[in-house]
Amino acid sequence: MSETLSTGKASAPVPPPTRPPSRHLALARLRDLALVPAIIAVAIVGWIISPVFLSTDNIVNVLQSMSEIAILVLAQTIVLITGKMDLSLESTFGLAPGIAAWLVIDPALTRGLGLGLLPDAWAVPVVLLVGALVGAFNGLLIVRFGLNGFIVTLGMLIILRGLLTGISGGQTFFALPGSMTYLGSTSWFGIPASIWVSLLLFAVGIVVLGHTRAGRALYAIGGNADAARAAGIRTDRVLWIALIVASVLAALAGLLISGRLAAVPAAQGDGAIFQVFAAAVIGGVSLNGGKGSVFGAFTGVLLLFMIINVLTLAGVPAQWTNFLNGAVILVALVVSRITGGKAQT
Amino acid sequence: MSATPHRPGGGPVGEDRPVVEAVDITKRFGSTLALSGAGIMVRPGETHALVGRNGAGKSTLVSILTGLQAADGGAVAFDGRPAPPLADRDAWRQRVACVYQKSTIIPTLTVAENLFLNRHARSRSGLIRWSSLRREAEQLLAAWSVEVDVRQPASTLSVEQRQFVEIARALSFGARFIILDEPTAQLDAAGIHRLFTRIRDLRAHGVTFLFISHHLQEIYELCDRVTVFRDARHIVTAPVAELSRQALVAAMTGEDVTMPEAGRRPLTSDAPVLLSVRDLVTSSGAELSMEARAGEVVGIAGGGGSGKVEVAEAMVGLARPAGGTVTLAGRVLRPGSVPDALAAGVGLVPQDRHREGLVPSLSIAENVTMTVPDRVGRYGLISPARRDALARDTIADLTIKAAGPQVPVSELSGGNQQKVVMGRALANDPQLLVLITPTAGVDVRSKQTLLGVVEDVRRRGAAVLVISDELDDLRNCDRVLVMFQGRVVGEMAHGWSDNDLVAAMEGVDLHHV
Amino acid sequence: AGCGDRSGDATGSGGGKPLIGVDYPRSDTDFWNSYIKYVPQSADELGVELKTTNSQNDIANLISNAQTFMSQGVKGVVMAPQDTAAIAPTLSQLESRKIPVVTIDTRPDSGTVFMVVRADNRAYGTKACQFLGTKLGGRGKVVMLQGGLDSINGRDRTEAFNECMGKEFPGIKVFGEATDWKADVAASKLQTRFASDPDIKGVYMQSSFALSGTLQILKQRGLQVPPTDPKHVFVVSNDGIPEELKNIGGGLIDATVSQPADLYARYGLEYAKAAIEGKTFQPGPTEHGSTIIQVREGLLEDQLPAPLVTLDGAPIGGQPTVKFDDPSLWGRNA
Amino acid sequence: MSETLSTGKASAPVPPPTRPPSRHLALARLRDLALVPAIIAVAIVGWIISPVFLSTDNIVNVLQSMSEIAILVLAQTIVLITGKMDLSLESTFGLAPGIAAWLVIDPALTRGLGLGLLPDAWAVPVVLLVGALVGAFNGLLIVRFGLNGFIVTLGMLIILRGLLTGISGGQTFFALPGSMTYLGSTSWFGIPASIWVSLLLFAVGIVVLGHTRAGRALYAIGGNADAARAAGIRTDRVLWIALIVASVLAALAGLLISGRLAAVPAAQGDGAIFQVFAAAVIGGVSLNGGKGSVFGAFTGVLLLFMIINVLTLAGVPAQWTNFLNGAVILVALVVSRITGGKAQT
């Protein structure tokens, strides 16, 4: 009720220096770290349930199994900060490696599944190119034609998934060329490369979004697009780039998982978008734009996957895992509401 | 004084080239012609005023002069050279800085970042140096004695602080030409004073200003020349000293609007007490006790932060008070309940029409009848015919300029929107009419209409509360309560002098020091 | 995978019982839920200790679950990869740790497993085709309610059904409808088909998910009549859940293929246990009435019987069928 | 300091109206009918592809197969108009009849699947009650605790689906009592009851949202919640009611489809929410609240199902149906953008 009071000309009868000057800053930093206690708590609970939880082996397992979704979360975070959303990322995740496989793999090896049109070396460029094209098409409809982002990308989600089903006939592409499987299956310094890649991308994301003009432009657009435009930010161009970068990241994530599976199932990424949104929002990214950090998003996805791992280790009956998963998301939401301290937006 | 589609201006042009010259500008938004062959010429070093009624096209011209929008036709030149292409924002910003009418503060970002948006201090590696950015921001704000932590999000600023951040940012570009679109609308007297001192300072250093305001006295106080727009056209440009207030208003409205003061019927001393407010305390600590009699118009004045709006909102149920009672015609209002207040016969014009006054996507008819569903139908059903009939009455009574009751409010001009809000407040034939800053951002003509309604309502025997810091709003009150820092510090009977009231609002009592 | 020797030490398995990890493929179909129910029962009977996970029909989950099994130090894994291509890297990882794998229901496209325990999905399609073709006398129209296009089992059934129809009953026109394994999609596609071709005489459902929707449509159209009536529509289902057996008894549907959910659970665990104990197997008939075949080098498959269940148990096209109330059917004992 | 204007009633005559008074009304009506040409076009195309398309049998079939989703669309429309969204409707759609079946059906008949706790007559009330409870819980989190509606209902989507999997063990509830199957399987005057029910609900929706104060309150809240509150509308209460009504409608829709299938599969409604959003938005309902009509939403869902039906009749290869479906949604979106005439919000 009191929120109706506070804006307007006479905001407070008593002048405002009632709060310590640095509180907001502290709060902003705190919000970045909001999930750290929860992560520690889950780690302890997990360790109690099964000492295996904190073994190097299991930690690597958690990090690897989250690495691809984490990159999707990073992509979604970039888009959310600009005040848009991109549901189609989950389909790009499957379609981009799917198209590359389709064009590259030899039909002789796979009972006629591929076209074998391009040499193997083209596979990875094609993956990224498909990502860029999808992002550019989204940009065309959203930025250029002013269509609503939610519904454009919902349409794209369905259409891109349909396209993958169409070219594959619903089957799984396998016998992928080595260039496609390398990144998802190799290890560097004893740790799977996909972990390195996802951590690196998050580090880059933290620097770009936190410490470059381009990154700050995303926040400015999400906070108030008109004001950003008035400040000389080329809002349209930045939105295009954000959408394209997000789609390319999704394509890259798809490449990683295809490498890990050494195959591209037609259903790759199906339903992942729910998890992606949940992780981003639990990590403090606002659906209304302008708020949230890459580090927060990372903690969000880490927390989710740790909990899933604990539930698996605890041997929760199969039919109740989904329920517990949902419950965890809801609880995380309520908790982040309490630590966040005000109505979420 | 007909429109001049060609080069505007009068008087001798000096040897200097004009800082900016816009010629024959036309701009259309869908079916609305916002500017039609309008122009302006601003000379170096002068402070040029631009006035006109709501929707005259002033802000549209500003957005064209600052390169935010392209004109459909016409030309803009700076220092005699054609304006840079729209995409080259940096070139525009070297030529002109601006405080826009619509806030360009980004609430989610820190104050410091807002000040240096898209021109952050960077190290050689291209990364932002947050510490030096913060230092620069602190220095900048210190010059305006705005005391805020630059690290806090801009959403925590008061409206006034926010306005100063905008102003400080616009002036920090080092541009030689600065446009201020209604910079004073959100400031109290002290703030305005600070701003004007600074403008005079800069002017002494040769900075040119284009200044837009609905407060005509500010034009006379500050400006050298004035340009008047009406109905999307340029009407006249003249030195301020050569244009009387009468003539200025006539140019703005196209008609002579001075009217004799309507016969003020003195309040009968035996009129019953209608409203009684006892020890009302708001959640932010402002306090009020008062009474109002039938037919009485009571003003509540106060500067920014005086608590006048809070007590008014608590009174009508928009906010839940921390304590106290409000009694209207013997009925004690339920605290924090707007429906109860409406049922008791309260009519309300809230402070900010965009935020609380209107549902822009709905029609005039729906907005006007929103508080009185009972009067436009039975059993929860709504009769469109009765609704439209009621709305048509309101449109006629308040001279709302609209094609009909079905027009969505979002398509009305600002002044007409405010009239719709007034219409909504009057729809339930209120016993108590509460008007919170009812003429904010409304041109002189619409002001008259709105304040005229007050006279009608008091004649019907209702009580009226006018909460405002605009003297014109308060002039017709039988008495004015003055609030300062959450307390009533004085009461002035009808006929107060401007100086006394302003002093009281500033917390200075001229008579009882 | 740096620490492969962990699975060698004795932690993890308790009390001398071998520790086996079982990954359930999904928990949203009747058939797999029966399987989930049978697994712990069989584990008790065989004296093995269980760790279970559920990959919810998502290959990425299955991979992560396999990792978890390795962390937990299981000695053998039973899984039912619904994606037979994408499982290869996981199999080689398990192999490198010397953890034997038994796959249920599906045969991996590549990689080594100790044993594949499955019924032949292509045989399901062929059996359904034989039944419908024989009953319709080789003429008429049938609708095939396919599963999801992305399911290998669904595709096998579709291909075999189409192949058999084309070869043996060219007079029958087949409408294939993709349904994503969704009951409501199946119902509306079937209804659309009946609207366009009211003279449809047979329905082949690739899974029991479409069962009651199909029955409702037949009822609504007044086609629920005994087989003797010329208006009868022959319905073949698949899975062998108790509801289907009941409906065969009630004359509502005509046949189903009984997928051996109980045998899947039992022999999956038995082969895993045998592998841990170091036993080996050879192609040839088994003592439980099935045949082990060698599919390719290093890949044995125990093909469990999946009988066609009918009202009378009479042979169809020379192949035996099982009467719906035969006590050997798992659906009788569920 | 002050202006020398005296006040008084303005006597200026009302300026002549610049446009015909009924244009707005006409425009608003036009927007309601925006999809009618498209519907006619699809009907003609369908008839050319297969004359069966316009047979009574097939029309009844289309109407029946869309009836349950249409009710979900109605429910979502109500929520969208208030400026919120409810993703969890798709799970309520399955959970409500699932819980009723669980409580009512006799474990002896179904090998232990039900509890048989309640007599058959309770089934329908339980369905509706579950719907109301889900709506109330959403209301608690969204209205009372101020949590973001998208993410609350996303969490609820997952949790409710998990709950259904939990109680059913993932199996299908069969042997539903007659009270649960009646509405979904009976016919009135030769037309399936579910068609009557959905048409009736839409008619009620048109009247309530268009012509009652409660309905207009939804629009006011969606258009500007603060203004609605200042106008004496009990915004919180209206939001609660809207969420509850929507969930009850979803439960009712679930009852209809369970009746039609004579069963409650554990996956009932899975993925339906995408279709629901697409139908509502194509039908002109704004995701930002305050805009759209029940009739428009109806045309949206009708168009979608007609197209699906045409694709089925045309015998489009199975692997391409999803793609075509998505393409159709995207095209419908672009077309509604062109007819709508301005940037969608």
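Remarks
Should a chain be cited, it is by its letter among A, B, C and D, assigned in written order, with residues numbered from 1 in that chain.
Operating definition for what follows: contacts are C-beta pairs under 8 Å (C-beta built on N, C-alpha and C of every residue); 3 or more make two chains touch, one makes a residue touch a chain.
Each chain and its UniProt protein: A, D = Simple sugar transport system permease protein.
None of these values were measured; they are calculated from a predicted model.
Chain pair with the larger contact count among A-C and B-D is B-D, by C-beta pairs in contact.
With centres defined as mean CA coordinates, chain C is found 35 Å away from chain A.
In this assembly, the C-alpha centroid of chain B lies 42 Å from the C-alpha centroid of chain D. Chain A and chain B have CA centres that are 43 Å apart.
Per-chain CA centroids place chain B at a distance of 73 Å from chain C. Residue positions 4, 165, 169-170, 318-319, 321-322 of chain A are each in touch with at least two other chains.
Residue positions of chain B with contacts to 2 or more other chains are 318, 355-356.
Among the residues of chain C, those touching two or more other chains are numbered 27, 33, 36, 149. Going by the touch rule set out above, the chain pairs that meet are A-B, A-C, A-D, B-D, C-D. On chain C, the positions that touch chain A within their shared complex are 1-3, 6, 24, 27, 33, 36, 51-54, 56, 58-60, 63-65, 67-68, 70-73, 83-89, 109-110, 148-151, 155. Within the complex, the chain D residues that touch chain B are 1-15, 17-25, 28, 211-214, 216, 219-220, 222-224, 226-234, 290-291.
Residues 50, 52, 55, 57-58, 61, 64-65, 68, 111, 165, 169-172, 174, 185, 187, 192, 257, 260-263, 265-268, 270, 309, 312-313, 315, 318-319, 321 of chain D are the ones touching chain C in the complex. Residues of chain C touching chain D in their complex: 26-30, 32-33, 36-37, 146, 149, 175-178, 181-184, 187-189, 191-196, 198, 208-209, 211-213, 215-216, 219-220, 242-243, 334. Those residues of chain D that touch chain A in the complex are listed here as 141, 145-148, 150-152, 154-163, 165-166, 168-170, 226, 229-230, 274, 277-278, 281, 287, 318-327, 329-330, 333-334, 337, 342-345.
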